[in-house]
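These are the structures in question, set out in turn.
In the two complexes that follow, subunit A is the common piece, with subunit B as its partner first and subunit C second.
Right, the complex of A and B next:
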């Protein structure tokens, strides 16, 4: 591979990672639930594109498989499950949040800085092509974590979890050229089952509490 | 060296679980579960025997057992098989009372067995990422088991569990990725870079900062699953609301498996940056867990939650042992095994009380020894063991941890002793109040079959607890010596 293509390639991978981060902010700022799911689909597509780019530039073929799985699982199957859940629990209206949108965005900004700070010393270890993505991956993980805390509705907590998973996948693919295929397959399987289980729980919570507002889950405390 | 015991150990619960789902017939499921309990127990003993004799066993480079894995195999295999017997009695009683349908009955056993299988798989895997997948598998099956009753409280507990554990396990995966990130430069982009044995071998060449960050993520992530404070908030709810056989397995097995995962990361970190770094972090979290649990044990009004907080305490004690190193590693491993036996016994007793009285209020339970001799004995023996009194193993491990921490950092020993005394007094008081005195409410008597199976489970556990309480059997001693070597005790300190 010529020097030119590595340089441009690394820029492109950075661009893809940045787009992923951008969709994170969009999800945090979004109040409508179904729009959050759509943005998650968009993020997963960006992720698949970035992964394919890494696969193309490095010639490591199994990353293509992981990218294809990302499209199938995260851009098709999981959004369908989530939309069904949303329909069942009937919460299309705006989201309730523990923090308002501007504060949330500021916190996310701080999380990005934190992520770069944590990964600063280990970034030079990585492959030249993709090493900057590790910081972005950690930032996405942290923002997903924040989403799970900041949002009250069960479904948005699931989206926060899925965003975390996207960050992890970016970390594995971009920073370490992908985990071995068997690992990727297992992770996807767990993710799918996990989302299904969380979906089942949302259904049952709705039926039992007449709400998916997790702030109403308060019977169990000291 | 034959590899079939290892395969049998992992395969038995899978086969029994799928079988239970397919046959949907009570007697057949009971036979399957009893067969599974026997097979698991025998296989775990055989695997441990192989390790004691030969040092390690493996199947095709995929499953790999060393002393630490064998130790976990023994714990999960033994408590898993008595737990299976207990579940047959407990859930059978629920079926008799028409609380669950036959379909849900078979679903329960399918999930229960898959849960055991994924934990057994996790501790015997050579690949850290596949171990992560197996542990996540146990999280998912446990999530469905905790919410099995579908009451509001059970759903709430299950939801908390699934959300917190998912976050925790996601952070643990990030730690795993970071290890791979630093090891693939040395071992190449392949499965080799994820194998424990390879990681131990090249640990000194791994980037120290990357390993430190990875360890922090793994500690927080798997620590959430181990119920380490301050990530413990799911634990009391899940233990209190899950069907009791599941509570017993959560406490005895799942927390132990999570500690195992932390230990594996610690072993790599110790070799890479020396034992100080991981040790300090673990000691800090362990003392925090002890403090939190000691306070909440004091104010508990629910007997299942009481035992749940006691689990946080004991996992904290075991971690403290591993954190201080040296003799502490021996004590930590010994503590894990004895805690698993004692805590499952306590929950077996608590479950019988719940079946009889249908409430979990600590104040309304008295005179168990007279009213329900089996449950009373289970809670009394387990309570005395958990409080750390002789002649049980927990006494020995706690004394060793005090001694070990005193020689290294006396202040740790003082804090530990103070917290231990607080938890000891309250737990023992509550347990004695439950078992002694005049029986209160009559409650519903248990069916004959339930009594037989649950008594068997309690009996097996108490016999084991008593047998290993006074002295460490020679075979286990060999295993413990090999575990010490994994953590660099008795060898030259790494780096």
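Right, the complex of A and C next:
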């Protein structure tokens, strides 16, 4: 713990959260589905590193377990499921979106500023060394939500959902040094099952409509 | 004192003018080596410039005074922009003349006249190049201004000499790495776009339909072409200097002793030569983007710069 000062540690945590936010923007700007998955892996690795850093700085050991689970579940298992889905549905890139890329980037920039203004009155009340990351965590949640709205393909919507979860994890680490381990375990299990279900659902969507475009689902109405 | 200042300004102008063809040659050499060619020597651009200056220019009868005035305006504005950036000494004598905003708009002045000159000759390719350059320039400007503001905030000044001086001595600046990182990434994209490099423009292209910068200057020849080419090299040198000295000013002379200035000059040349080699490498790794995808890339640059600014406020807590 005495390896570096708390001030430097806090700045490194900030840098880790900044890199997380950066990968969010890269995902929003990316059209190729497999590259989106790779960027999500990168984001999860950054998240695990940031969480481990917090664990190291605070000496709270269960954050290490959550970080290890992040690597296993979000950087290995879920990407593998998603890549399989992409291979099956044979869609390489997303050409049509509800919001085009430059506009999407601008909206995400606005979301970051919004998150900053929302958390601004709360942050000075905190006393944890990770408290600055709260604004970034909220921004990541909002951007993940935006991804789910802006994209049409089921796979990228799943990635938006996973990005949201990454944001929540960062938020929990920032605001309270992580959730209790039993809650984390539950969340990871939910994520895994959720991704599996959406994977199967994409397969069915592909078989029924020859497309994983979720906007096609509106044709189901009577 | 006055004499010393004048000497330093002249020295800086000579360094910039002398090094810019070398940078262009170095990038070409690196690209050639990556493509398994031997390539021309790194000093080839000097010979090209010398030859162009001796050639008689041919000027279309349909052009106005803008066409002949533009190379001089472009060259002069780019060189004056270069004099505002600290090269090998952190306190440039010209720093009273303008801050970062002046730098951005001096460069924009040259671009503006080049766009007019592209239209002036009335050729289809020139007009096409001008229209594309206008798109790129209007998209890079906000990104560049914002990224530079993020840096200015951390140093508490918009004066480039002050920023570089404070960063080199590591005093009186906000040391949080995140805003610097975002601004650096944004400025790198802007530099590639503004100097007409891959993935935005390809300086080595022979196909007029894909040109941006080259299409605008198709009508130029002789000494006018030499000035335009030299100004393009200068612009590259200005951007590389800006990136090298704002983000990594270490080694720059903070005092005016001969030893410090010598070290400053050597590290300066090494730094920007390293950056030029990096650009050459990047040009071999990436393909040129389709023109309509350039907006995506420059959108990313703008957002990065914006994030740099926002982070400055968020992360101060």
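Everything below uses one rule, namely that the second predicted complex is superposed on the first by the 211 of 222 C-alpha atoms of A that agree within 3 Å, B and C clash if a C-alpha of one lies under 4 Å from a C-alpha of the other, contacts with A are read in each partner's own complex, and residues count from 1 in each chain.
As a convention for this text, contacts are C-beta pairs under 8 Å (C-beta built on N, C-alpha and C of every residue); 3 or more make two chains touch, one makes a residue touch a chain.
Note that this is a predicted model, so its numbers are computed, not measured.
Taken together in the superposed arrangement on subunit A, subunit B and subunit C fit without clashing.
In the superposition on chain A, A:106 contacts subunit C only, with no contact to subunit B.
Ranked by how many residues of subunit A each touches, subunit B and subunit C are led by B. Touch criterion met: A:18 reaches subunit C, while subunit B stays clear of it. Touch criterion met: A:209 reaches subunit B, while subunit C stays clear of it.
In the superposition on chain A, contact is made by A:179 with subunit B only, not with subunit C. In the superposition on chain A, contact of A:132 is made with subunit C only, not with subunit B. Note on the composite model: angle subunit B-subunit A-subunit C, taken at the C-alpha centres, equals 150°, rounded to the nearest 10. Superposition on chain A places subunit B within reach of subunit C only down to 17 Å, the least C-alpha distance between them. Touching of subunit A by both subunit B and subunit C, each in its own complex, is seen for no residue at all.
Those residues of subunit A lying in contact with subunit B across their complex are 60, 118-119, 121-122, 125-126, 134, 138, 141, 144-145, 148, 154, 157, 161, 164-165, 168, 171-172, 175-177, 179-180, 182-183, 186-187, 189-190, 193-194, 197-198, 200-201, 204-205, 208-209, 214, 217, 219-220, 222. Interface residues of subunit A, counted against subunit C in their complex, comprise 11, 14-15, 18, 21-22, 25-26, 29, 101-102, 105-106, 108-109, 112-113, 116, 123-124, 131-132, 135-136.
By the touch criterion given at the top, residues 175-178, 181-182, 185, 295-296, 299-300, 302-304, 306-307, 310-311, 313-315, 317 of subunit C touch subunit A in their complex. Within the complex formed with subunit A, the residues of subunit B that make contact are 127, 129-130, 132-133, 136-137, 140, 143-144, 147, 150-153, 155-160, 162-163, 166-167, 170-171, 173-174, 177-178, 180-182, 184-185, 189-191, 194, 207, 209-210, 213, 236-237, 240-241, 296, 299.
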